[in-house]
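Note that chain A is present in both complexes that follow, paired respectively with chain B and with chain C.
The block that comes next holds the complex of A and B.
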């Protein structure tokens, strides 16, 4: 059973008014359990509208034709909606703006409390969630979330979501506004969460370098339609598609293209800096070997003379 | 004398009774007219506090700041300082005051009593400078993030500032929006406006004349982008090298030799081609 199955999804904002805007058009998308899906697209391409359908924050407009099913539960079924919201964890942009309680522990406990769990289970989950995001329970539990640094606040907000132990974790630009060290911390946290808490990850990002590095599969949206769906290599190697979708290439791919245009012999499907660096290393060593052989030839000839 | 003189400035935020958080500690800097300075540092390093001190939103707890020789500490100068130093913040939605774009841009000059005819000229010029003339009668809420930030910059330009401060103005934008804002900042700088860009995006630092790195409320480094990237101290300040420089470092491990710090993509491509010939 796939983790997420979306069929024929359409959505129109301000329907039947002069401001009518089609945000999603015939979206069909399946996400398998254990996948790390990267969702990319220019501003206004429909990414946020799409993810808000996953836990019923936006209702289906055409229930007859379209469906959104997460772990076998339909997002249209009112009875299962509450359960669905525990199943799909949503980490919105700047999630720290949603912190509201007077202590970290109470804030993280908000979700589990709504799940009507018993007190011991709630406490255990809060403790575990804080430890997983790298905040020592004894040090942080009783502090006010508003006295923490930006990166810490974001961790608390993420802990509040994963305390519900969602099977699918959706993150909308989780590193926006963080400094480089904070960015790396949160990105490696997302990878860790996939291993330890939520096996299926759907992450929205504008950073193609991060996407190339982290995602198993990339889905690109443009004007509400899926225009690409494949591995980072498949998607980023289709240069025309990337350009049409208004996306950036990963820096590594862009640099590789320039080098290939100049006659450097490296593969055309490089998407990460590590791969580019390794390939260029190979090219350099083979050049040195060739040069060495040529030199050997020359010295032998010299001796003959 | 420099256009901006920061002399031994400290600043503390009151936290609770009797407690305060020292955000800036004895900072001294001089910035000349026409410079393009990137102010970098990790979250909480004091860079935004410094920006807010530059246009008198805060006044120093100790030390003094002079803009064109005028002290920011004297409340009588506040209006004069704010005319000289314009600021664009992170979230474009927090900076729009009127529904129609031209009204929004006219808000600043109206407040300082600029005559109507002159306001019309200023609004025209400001919209022109950010490439938003065709949007003048539209509503700000229907714009993209990058366009909203351009309108915010226009609102500042209508005040005819000498200094433009961008306080993480690109951090909420997508790559296209980021590029739009950087292009405009560079263009305005060429026309003579001093630009101070606060960011932790090191790609933005590569185009600056000068990079000032803050760490724990102090100036940790101050130099050209190449000097700062070559220092090896960037990571200790919570920052990373720009992707191109990082790549050149890992290529050096593979056996490539680079004489100078590489910050420019085309320069790197050139150098790799040369060494593979």
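The block that comes next holds the complex of A and C.
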């Protein structure tokens, strides 16, 4: 059973007013359990609108034709709505702006409390969530979330979602506004969360390098339509599509393109820095051997003379 | 774009009415409202309705958008209408059952009251439908500027108004975002008694306040950094200029106002009664 199944999803903001805006158009999308799905697209392409359908924050506009099913639960079903919200953890853009309690531990406990768990279970979950996101429980639990650094606040906010132990974790630009080290930290945290808490991850990002490195599959949106759906290699190798969708290429791919243009013999489907350095290593080694052979030839000729 | 106008009812069509100077629209709306209180005859109401329809057509607004604002106050209209209908006891009796009396006078007063309210609301909503909140604030500032003479800080008031207007949609959007985020953590805003509901709003209100203070700080820094001060030497980026359209609009509404005044104070004294000419025996 797929973790997420979206069929014929359409969405229009401010329907029947002069501000009418079609945000999603005939979206069909399946996400398998255990998959890391990267959602990319220019600003305004409908990514946030799409993910908010997953836990019923936005209601389906055409219930007859379209459907959104997560782990066998329909997002239109009022009775299972609460359960659905706990099943799909949603980390919004700049989640630190939604902290509200006076201590970190209380804020993280907000979700589990709403799940009506008993006190011991809540405490255990808060402790574990904070440890998973890399905040020592004893050091942070009693501090005010508003006195923390930006990166720490974001971890607290993520912990608040993780504490519900959702099966599907959705993150809307989790590294926006962080410094390079903070970004790396959060990204490796997301990978860790996939292993330890939520096997299925859907992540929105504008950074193609991160996407190429992390995602199993990339879905690109443009003006509310899915224009690409495939592995990072498949998606980024279609240069025309990437340009049409208003997206970037990963840095590794751009460097590879330039090198190829200058005659370096490496494959054109490189999307990560790791792959690039490996291929460059190979190319360099083969050049050295060629040069060495040529050199050998030269020296033999020298001897002949 | 939708963000600029999420607050208010602005309905963009770029018609000649939309392009009128906001100050002119404000003054003419005042004139229109005043005129409505001078109306006494059915002819006056018909004329006003005609004027309103002409403006709506010129503004290329769907009639529904105007009626929507009437719907908002429908309850008040119906309520006052019923009170009037049953509590006016003088004049020819039309219906009587027990202590309930409906008189001819009561019916006329009620009909006129309803017409007055509906025309008033529709006219005022035309202003909001065709003018952005920012234009309105600028217009108000300009109209209030004589108050500077008596040391009213008009510039400050205007700046406060523009900033407030500017941030209402932002706050609105932010509130929605926070509500979504807390809902995603299982928060529930629509169950329980009133106290439970107020308590449930705390997870929304607290971040909203904290973010607003942060934003206010940032805005103050940004304004300071650009040397903002509210002295009289400040000039405008967008200068409103009066045009021919404004003159025509003025003549149109002033003409309407004159006819209403004539209808009330003059026509009858010289023996012209338009109402009975139109409706005859009906009244």
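By definition in this document, the second predicted complex is superposed on the first by the 305 of 305 C-alpha atoms of A that agree within 3 Å, B and C clash if a C-alpha of one lies under 4 Å from a C-alpha of the other, contacts with A are read in each partner's own complex, and residues count from 1 in each chain.
Following the convention adopted for this analysis, a contact is a pair of C-beta atoms (placed from the backbone, for glycine too) under 8 Å apart; a residue touches a chain by one contact, two chains touch by 3 or more.
All of these numbers come straight from a predicted model, not from anything done at the bench.
In the overlay built on the shared chain, the residue A:18 is in contact with chain C alone; chain B does not reach it. Within the superposed three-chain arrangement, the count of touched residues of chain A is higher for B, of the candidates chain B and chain C.
With both structures placed on the common chain, the touch criterion links A:179 to chain B but leaves chain C unconnected. Using the contact criterion defined above for the overlaid structures, shared-chain residue A:199 touches neither chain B nor chain C, since it reaches no partner. In the superposed model, A:151 makes contact with chain B only, not with chain C. In the superposed model, A:278 lies in contact with chain B only, and not with chain C. In the superposed model, A:95 lies in contact with chain C only, and not with chain B. Of the two partner chains, chain B is the only one that A:42 touches; chain C does not reach it.
Of the two partner chains, neither chain B nor chain C is touched by A:134.
Contacts from chain A toward chain C in the complex involve residues 13-14, 18-19, 21, 52, 55, 57, 82, 85-86, 88-90, 92, 95, 97-100, 110-111, 114-115, 146, 160-161, 164.
By the touch criterion stated above, chain C contacts chain A in their complex at residues 1-2, 5, 11-13, 177-178, 180-188, 202-204, 206-207, 210-211. Within the complex formed with chain B, the residues of chain A that make contact are 42-44, 147, 149-151, 176-182, 184, 206, 209, 246, 248, 251-252, 254-255, 258-259, 262-264, 273-274, 276-278, 280-281, 283-285, 287-288.
Against chain A, in their complex, chain B makes its touches with residues 15, 41-44, 90, 144-146, 168, 171-172, 174-177, 200, 202, 238-240, 243-244, 246-247, 250-251, 253-256, 265-266, 268-269, 272-273, 275-276.
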